[in-house]
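Labels run A, B, C and D following the written order; every chain starts at residue 1.
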Amino acid sequence: MRSAGLSAHSGPVAVAAVAVSPDTALRAPALTAARLAVSRDLTLAFRRRSQLVQPLAFFVLVTLLFPLAISPELARLRSIAAGVLWVAALLASLLALEFLFRDDAQDGTLEQYALAGQSLTWLLFAKTLAHWLLTGLPLSMMAPIAALSLGVGAAALPGILVSMVVGTVTLSLIGALASALTLGMKRSGALLALLTLPLSLPVLIYGARATELAIAGNAYLAPLELLAALAVLAVTLAPLAAAAAVRISLE
Amino acid sequence: MSWTWFHKLASPPYVYALAARLTPWFAWPAALLILGGLYAGLVLAPPDYQQGEGFRIIYVHAPTAWLSILVYVVMGVSAGIGLIWRMKVAHAVAASCAPIGASFTVAALVTGSLWGKPMWGTFWEWDPRLVSELILLFLYLGYLGLRAGFDDTQRADRASALLAVVGLVNVPIIHYSVVWWNSLHQAPSVMQLGKPKMPASMLTPLLMVLLGFTLFFVALLLVRLRAEVLQRERSASWLREALRA
Amino acid sequence: MKDFLDMGGYAAYVWPAYAVTLIVLFLNIAWARSALARAIAGARRRLGAQERGT
Amino acid sequence: MNLRDSRAVFAKELQAENLHVWRADRHVLKGVGFVLPLGECLKVSGPNGAGKTTLLRTLCGLIFPEEGRVLADGEDVRADLRAFHASLMYLGHEAPLKADLTARENLRYWIGVRRALPGPALDGALARVGAGAWCDRLVRTLSAGQRRRVALAGLALMFTPLWLLDEPTTNLDTEGQRLAGELMAEQLARGGAIVVAAHQELPDTVRAARVLELAA
């Protein structure tokens, strides 16, 4: 996908002429830097499209396990649907974390981000946003479909979608922080889950509750607001901590 | 640093010597208080009108549960200090805290479920306090796992310090989420710890063990701190002097 | 003495709880002291190595 | 556009003052110090493992020295690390490129994050390093020498006062090494400074470089 919307920049920058004094290197505005960071990761992801499907396939597979393990009876499935969807979403979001920063650390591009003269927090927030667009958002859109298979009525679908969208934002941010923390280690596999899951429990609790209320057709605003509060907290703190973690691993 | 004592605390040799000197001052009072408190709790305190003799488990459950969270707070704060002011000693304190805290969290879980058994009829009850304690254990295990993953002490210190700070911020959030979750599904649990006014004969042993365990933790911390400081020390001259002491 | 041990019927819970706690206390003492001993040994080895200039 | 940032930090010189760095248990930098006026080139040489890379990474602020300071015009770079980073360009052993992107895309995302990068400037840099023909092939399919040329193209676009180069001429053929020497000469001509870690001799176009010898 040629990254759309990357128009030529304005601003008097000389072509790579020889005698150019050092101070004509104009620093790119933070917004452009973030947009480029997101567009790079999206371009990269669409180059390896098959990998995009994996978290989704895993999510559907996990939701498939429960009817087989428990019972095909829709009434029973509906009563556990919220928990199933959220546990599946939590586990699926773990999948794509391992290599969120590891590839960039190995080929030296993460180092260039740290030395770019831009706020590393802002760039890592952009990377996490791209990660969410590639995993969290698709999961949220898949959840209502999976919910139908668990006997959930169509009326509940918007509620499921909204709570999933808000919840997966926090999951991506916590995951990014855990991924950055384990960057300096050779292999982080199970440790990534051990770091991510305890911190994600509040999201699981409020998310599952919101979905449960939506499925029952009741108002689900209260837990949704708590979920949104977690997202706001995560958006402000997680990128900051992830930047510190990345700097630690680059030392 | 304007406050000289804080500055002094940053220098490993000073801290090593101080820790060596202070340890007995915490260890012996701790031993006395713990033995005295447990004896009083087991023998002198009257049985509880509701739980009978079973309530005496409080004298081991309360202090271990108290230490499990106190140690985590000490770990998180010292980790934060280590990160902000780049103080190796602060990282050494955090590194020393983790195993102590984890062990007391296990003790709190076991004593908690043993105490719950006569009440709830099952060893494991999804009581918000026990669930929070279990999650706290996973936070400790995450910290220990992350720290063990690095071979370079300095990087291990800084990465695990960041996790400790993040964990500390999340502990209240997780706890109240669990309490909120618990209140959804069942009436608040019947066992209200310490809500009814405890007579002095029951309360004094509790305060004795709480103080005793805290002093015990400090003594342990001082011993482990000397070990951690030694591992992080590089200057030969200081090492030679410390080892001769 | 017998009723003391019986703990009003709660013996099966009170004594294990105290046992576990005391075990954790002593384990911590042993663990901390061995950590210190290991660190001192390590420091001595490093000191020896540095003096021999290896 | 904050021109001021990159110039404000740097006008006179880069100074390293008594740098001590340990890597795990190894004391790698033992009190390294030097003063490098802008417009000059410092060559850091020494056997493998002497700490050349560690020194470069300490100078650019990635590694925090346990003792000593890095000063830009007499001021500790940690005072405003981001402005200092905006005024330097660091090239490590590996060319910082994504294998699944083309040379052009890599440059746009790598340099575009740092400075405004119009199309002509990008094309000019690619042409300059002779990458015009294969600039739309995935970097995965390029040779190490070609990747190093793409990194040089990135360097050619960054007119920052300080360049920190780690073995810039590795994998380069004679033509490539001439190009690297040319770029470095231009940087010095512009009044910029270079710290370069290198085993072999620097390309001759680089004016008499000061040499810092790191012991093993």
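What we mean here is this: a contact is a pair of C-beta atoms (placed from the backbone, for glycine too) under 8 Å apart; a residue touches a chain by one contact, two chains touch by 3 or more.
Keep in mind that this is a model prediction, so the values were computed, not measured.
Among the other chains, the CA centroid farthest from that of chain C is the one of D. Comparing chain pairs A-D and B-D by the number of C-beta pairs in contact, the larger count belongs to A-D. When each chain is reduced to the mean of its CA atoms, the one lying nearest the mean of all protein CA atoms is A. Averaging Cα coordinates per chain places chain A and chain D 33 Å apart. Note on chain placement: the centre of chain C and the centre of chain D lie 53 Å apart, centres being C-alpha means. In this assembly, the C-alpha centroid of chain B lies 48 Å from the C-alpha centroid of chain D. Chain A and chain C, compared by their mean Cα positions, are separated by 43 Å.
For chain D, residues touching at least two other chains, in rising order: 25, 64.
Shown for chain C are the residues that touch two or more other chains, namely 46. Among the residues of chain B, those touching two or more other chains are numbered 154. Chains that are in contact with each other form these pairs: A-B, A-D, B-C, B-D. Contact residues of chain D toward chain B in the complex are 22-25, 27, 64. Put simply, chain C touches chain B in their complex at residues 4, 7-10, 13-14, 16-18, 20-21, 24-25, 27-29, 31-33, 35-36, 38-40, 42-44, 46-47, 50-51. Chain A makes touch with chain B in their complex at residues 177, 181-182, 184-186, 188, 191, 194-195, 197-199, 201-202, 205-206, 209, 226, 230, 233, 237, 241, 244-245, 248-249, 251.
Touching chain D in their complex are the following residues of chain B: 86, 151-154, 234. Listing the residues of chain B that touch chain C in their complex gives 34, 38, 42-43, 47, 52-54, 56-57, 60-61, 64, 99-100, 103-104, 106-107, 110-111, 114-115, 117-118, 216, 220, 223-224, 226-228, 230-231, 233, 236, 239-240, 242-243.
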